[in-house]
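Structure first, commentary second.
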Amino acid sequence: MSQILTLGLPSGSLMESTIDLFDKAGFSISTSKRSYRPSVDDPELGLRLLRAQEISRYVEHGYLDAGLTGRDWVAENASDVHEIIELPFSKATARPTRWVLVVPEASEIHSVKDLEGKRVATEAVGLTRRFFEKAGVNVEIEFSWGATEVKVPDLVDAIVDITETGSSLRANKLRIVETLMESFPVLIVNKQAWADPVKRAKLENIALLLKGALNARDLVGLKMNLPEANLKNLLEALPALRNPTVSPLAQSGWVAVETIIEEKVVREIIPRLKALGAEGIIEYPLNKVVY
Amino acid sequence: MSQILTLGLPSGSLMESTIDLFDKAGFSISTSKRSYRPSVDDPELGLRLLRAQEISRYVEHGYLDAGLTGRDWVAENASDVHEIIELPFSKATARPTRWVLVVPEASEIHSVKDLEGKRVATEAVGLTRRFFEKAGVNVEIEFSWGATEVKVPDLVDAIVDITETGSSLRANKLRIVETLMESFPVLIVNKQAWADPVKRAKLENIALLLKGALNARDLVGLKMNLPEANLKNLLEALPALRNPTVSPLAQSGWVAVETIIEEKVVREIIPRLKALGAEGIIEYPLNKVVY
Amino acid sequence: MSQILTLGLPSGSLMESTIDLFDKAGFSISTSKRSYRPSVDDPELGLRLLRAQEISRYVEHGYLDAGLTGRDWVAENASDVHEIIELPFSKATARPTRWVLVVPEASEIHSVKDLEGKRVATEAVGLTRRFFEKAGVNVEIEFSWGATEVKVPDLVDAIVDITETGSSLRANKLRIVETLMESFPVLIVNKQAWADPVKRAKLENIALLLKGALNARDLVGLKMNLPEANLKNLLEALPALRNPTVSPLAQSGWVAVETIIEEKVVREIIPRLKALGAEGIIEYPLNKVVY
Amino acid sequence: MSQILTLGLPSGSLMESTIDLFDKAGFSISTSKRSYRPSVDDPELGLRLLRAQEISRYVEHGYLDAGLTGRDWVAENASDVHEIIELPFSKATARPTRWVLVVPEASEIHSVKDLEGKRVATEAVGLTRRFFEKAGVNVEIEFSWGATEVKVPDLVDAIVDITETGSSLRANKLRIVETLMESFPVLIVNKQAWADPVKRAKLENIALLLKGALNARDLVGLKMNLPEANLKNLLEALPALRNPTVSPLAQSGWVAVETIIEEKVVREIIPRLKALGAEGIIEYPLNKVVY
Amino acid sequence: MSQILTLGLPSGSLMESTIDLFDKAGFSISTSKRSYRPSVDDPELGLRLLRAQEISRYVEHGYLDAGLTGRDWVAENASDVHEIIELPFSKATARPTRWVLVVPEASEIHSVKDLEGKRVATEAVGLTRRFFEKAGVNVEIEFSWGATEVKVPDLVDAIVDITETGSSLRANKLRIVETLMESFPVLIVNKQAWADPVKRAKLENIALLLKGALNARDLVGLKMNLPEANLKNLLEALPALRNPTVSPLAQSGWVAVETIIEEKVVREIIPRLKALGAEGIIEYPLNKVVY
Amino acid sequence: MSQILTLGLPSGSLMESTIDLFDKAGFSISTSKRSYRPSVDDPELGLRLLRAQEISRYVEHGYLDAGLTGRDWVAENASDVHEIIELPFSKATARPTRWVLVVPEASEIHSVKDLEGKRVATEAVGLTRRFFEKAGVNVEIEFSWGATEVKVPDLVDAIVDITETGSSLRANKLRIVETLMESFPVLIVNKQAWADPVKRAKLENIALLLKGALNARDLVGLKMNLPEANLKNLLEALPALRNPTVSPLAQSGWVAVETIIEEKVVREIIPRLKALGAEGIIEYPLNKVVY
């Protein structure tokens, strides 16, 4: 079985969680230090570790078939690629990366128009240029090599930067003027590879398994025994228990009810299950859930 | 939905395991350094991190509705509060914290009476005073700021201190004269809050979930297939398999048996199950068990 | 219940994974630093931590009843013991320890015969001597206290050493001339203990549980719902789903299918299950699997 | 030579810097974990590690001859002891520990009088009681087991606590109403020990060496060569070079100048020395300076 | 005394060694996490931490008076600034950063001309463009966000990258075609600031002290006693002892000889000094040496 | 300059302190993981890292010219080599490694004779065999791969093992019957290399420098100013100030006194110097002292 697909993965802050997600999906990736070609236990896959910023460029130009990167960097590079699936990694919040136009709290700039003739620093020059062009505002945009948030107001008038939470903004006494874009990680592919049925089938399977592993992070299994007479009552009262598997038990008049449920609602559901006559309620962890 | 309950949690050595237990129960608590008000993903709860020594005092006086602390500190403060549930954290041993009256191995003190007119150091002055008053023995009790075990016989004649295992005693060449108290963590509430039906319902749910998470630590799920003919035999031979869920299988004459069982007896049970004709025995981990 | 069995466990590089395996099998072992007699929560067992090199010697001479060590060291010591079970620890590769005769890449030695009259260093003098005697080649064998691989060609002409992967060989620019032995960890017992029915029963139970825990490392549970009509089709198409447990569901025409499957084939199976009409596919982790 | 002196050292946050200072003074102290009697390479000294809070109590009562603790805890315990020397540890700031009466920024309390009838939490109940008695203000004072700063305004109206810098106050949004006391570490001795000429001589030597080590932390040695003709000029221009050591050199007309000088002025001095004709200027570190 | 100078320091891999060098020079810099304005114990200095890549741009445009950065990034930005002093940080090797044009070992490219029409990735687009323009070779230059060395030959034909040692090149199986530039850290200033006598004097003092600290890293002090009669002999035999300080000693016929000497020759010198009759030879560390 | 000498250094517990000592002596050794040939900044030296147990064997047979190892392993191997210098590494105690014959505290064995016909485990089979042969006692000696101290009385009757302090013995409830040998690290050379004048000169220089570095660990420099009138007085009172360097100072009637002195007596000396009129006393660290 020979290699079918080259796939770019992000080497920076997303690398650990990407490898972890692939592991949960059933693909064991091992990287050595400075490794550009991590090995994976699937001979059909050829992996490349690259900066998230560059992956869409190399996918578009055909150096890679597909890649996992942020939707923001696809936009920054204006890459003409197909997006297969969105993969919201962050379990707790499931919040996207936000690109925002930011000024000092005390600045007199309150709208995009106020930036006419001013200087803006950003790591995403493309995104920023298109944003201001669309707004019809002339600004001087300079590329920032990093630590962008410290440059206002000393070196520039405003910045366009990522903010995941508001805490970093507050710590730097900054204020958001406008949001340019919200972005989740995405699995992308170029047009030729997507048109190839073998590559497409392989990518669809990978997407199915990644999604199955992502689903399982927020879900748990729930099992209980119930007097059959209470079943209808319980299902009406608890719509969160959608499509439970109901099995007859050897003990007459009782059924076993089993379902998959969001972990965060379990603490609401269990007391109500108990009140509705359920016994032997157990919750157990999951590796994958494919609907 | 507005806040219903303020709840004090212990900030010291119990903090990590308390947060871990709440997490297993379905409440995600996040603390920053020196945080007094940790955040929790339940808007009905207001948490406060305080020394275990002080929690019952603030619960009793109504500054907090409820709290999780050691039963020993409730007693030390002689706090008039209601105890909802006992929560034995320690998995391996499930042994309580013990407060003991301790002297050097070589000391001539062998009973409480021998301490008449002597000096005793302790972090629990209240507990200790009441103990000696009840025994009718006059001693000089001094508050110890910590490292109490090193003070005998150099600075005092005896100490009253915590001992979880005997190893620390042996290392310091100390001998136990008498045990004053044994203590587990408890969930406590003041009288007014317990009389309020909304607060009481919330606390009973929390207690149910904490207990469910604690249960799961010592339990595992066990599943097997069995010729139906052997079922009665097996259930008589293995009373540990109380209330198993028995389901018919598609293969005629066979049933699936599933139960929840203490992890520590599995090693006794599995060889016997196999001897009684069970096949495909599997053991799997649990998150919560609510009977 | 008094002690039945003394059991030697390896104190070196295998210690952590041995203790971990026993824990999964249901025996909780706790070691303090430099501990020779680790404690275990089974009063019938007396454990001893010893170098893997020495365990078979002490088992054979009756100082221990049984032990867990490498088959290589049993051979090195030429110990007359009974091997109960082989326990391949290493999850990812399941490859054995290999003892190889090694020379520098550039050496003129290409076969065992070429070593006539040369010098060989090794930690396994017994194994090596018997190997060369059988080959009818005279060599000077010297005991190496460690770091054997650095000694060629500076201090000796060849070495006999362990290699788990080829990477260490390549790093030291060495070449394998011949493999002397491949070895997995084994559970061994002396003849007298194996003849004692009480000790033998105890050891067979331990072997059953250790094997159950080892099995579970590579396996996962898989559950799904299926239209009953598709069941035959599915079982024919996917022989990996051997002996699934099939239960009727309350919803007419549907069955629940549950099976134990190798984790590494899940990524192939799930897309095909979905194509065959399975719904609500979940994968969950296992602690033990006893067939 | 038998033991002359028992000396209490603080076991908490001051321990590391105390041991470091003694090390620089020439006394090598080694502590094991939980050690109450650290060993020291001077058989005349018997050391005890105790909480800073308790040391003055045990010194006063004669359980220890002398001790190193904070002047604040001497005052808290109202201990009748002799203070031999003040030892300002903190190099950079040389600022004392401050005990302050603190309220929330937004509190209506602006003077000590405003606390009439209110509740105050503190670790220093003695200090606080005497302060309010002197001010003629009635307050309810409760002992705080720690993390005192989080208790206002939720649990008490004000606190009396330590503040080394203002940053912790700002982080907790607190405001200082008044300073009760400023405190440096001090070396203390009881009256009887101070009256004993052998103990007193020993303590005076220790004090001299500790002071010598403290001095050296801010000073460096400075050496240079100079044309003898420029010497008068240089000494007039740089009064910081007080009492330099001037030695004749073999090269006629040149002298060697060597002095001890505050480290923080060196960067000003060196450029000027060079301008005045000095050559081969060197700076070197010092361990002790005894004037 | 008010602020005289704003000074940019590199925030990346050079930060630690820069702060260390300033510390040895007498300026104590303290940085908190993400700090853009580190504090320094000299009120005349205002520091800014910025990427080395950007510092010369901000110095040239007057946002900063001066800065410490690599000479390579001054060239990349083609910044019109004055270079005050070169500061070779690396003690052991004192080798410069090298920017090299690199291809795979097996590539058919052997000279710059061979790159006509090819693709080159680099972090220094300016340097690279000017290099190829000067060579009269047309190439497509793309900006690389990092990990440039892994991109050949997969994604580009050649790269222009930094190499401090050859080991990284060999590890990636790369070959140098040509060196574009060698670069040391430099202290730079803009034209206006250099024309201001107060700023210039301040910068010259800083340069003197930084150079003094750098000098001391390779030197030690050496002192010994010598019979006066042997002095001439010794000085002729050991020219490394240039300009020794010779002082008369109280003991007639003996002199003290003291000198500053390169650390790396001391091990050669000491045996010879002893052979020449020197006694009590000592070596001591230095913090600064200003000639 | 080509290589003169191959030198074996110990790779085990002595490695770090050996490299540290060579560093202080002026030889910078750098080791990578598993390195057999560490690099050193002296092209005349070829280093090899080997087990201390094996070094004397390879020196004796000429595979190495010289080596640093324990005198105990030279004896164990009965190697015929020349010992150049003894190097007592351990600063605090300067105590040698001791090989002792050890039995359980409760054993009935009290003299060597009592071991007739018993079993002894040891890592030093050669030393032990010769010891018992000399004593005329027959014992069965078995090679121990490590953790020898845990084997009595369970597996053998006595052990011969290293003890640096008595604490390990007490922890294992063991008792010393007799001391076989005391051992310090030594620098050894084989007979042919020692007869070669170039190798011998090189080794004598290395020995001189190693000894110089060892000397300096216990010594410091001491300098002070003194009224010339007090000089005679001071020198008579403080014989520890042997051979001080006395220089005239510019200030009439004063001299500078400088000397090298044992660090451990400084704290005694300084108070007395001050009492005798010394001013500006300083102590400074030393890297090497060669008498």
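Structural remarks
Read from first to last, the chains carry the letters A, B, C, D, E and F; within each, the first residue is number 1.
Rule of thumb we're sticking to: contacts are C-beta pairs under 8 Å (C-beta built on N, C-alpha and C of every residue); 3 or more make two chains touch, one makes a residue touch a chain.
Protein identities per chain, from UniProt: A, B, C, D, E, F = ATP phosphoribosyltransferase.
Quick caveat: nothing in here was measured; it's all calculated off a predicted structure.
Any chain bridging subunit A and subunit C, meaning touching each of them, is among B; the list is complete. One of A-E, A-B or B-D repeats the interface of A-C: more than half of the contact pairs, counted by residue number, are shared by A-B. Residues touching across the subunit A and subunit E pair largely coincide in numbering: over half of the numbers involved belong to both copies.
One inter-chain figure worth recording: subunit C and subunit F are separated by 43 Å, centre to centre, where each centre is the mean of the chain's CA atoms. With centres taken as mean Cα positions, subunit C sits 38 Å from subunit B. Computed from the mean C-alpha positions, the centre of subunit C lies at a distance of 54 Å from the centre of subunit E.
Counting partners per residue, subunit D has 247-248, 284-285 as the residues that reach two or more other chains. If you sketch which chains touch which, the pattern fits none of the simple shapes: not an open path, not a single ring, not a star, and not all-to-all. You'll find the chains touch as A-B, A-C, A-E, B-C, B-D, C-F, D-E, D-F, E-F. By the touch criterion given at the top, residues 11, 34, 36-37, 48-51, 53-54, 58, 63, 144-147, 150-151, 154-155, 171 of subunit C touch subunit F in their complex. Against subunit A, the residues of subunit C that register as touching in their complex are 92, 220, 225, 247-251, 256, 263-264, 266-267, 270-271, 273-274, 279-285. Taken in their complex, subunit E has these residues touching subunit D: 25-28, 41, 204-205, 208-209, 212, 216, 221, 231, 243, 245-248, 255, 258, 260, 284-291.
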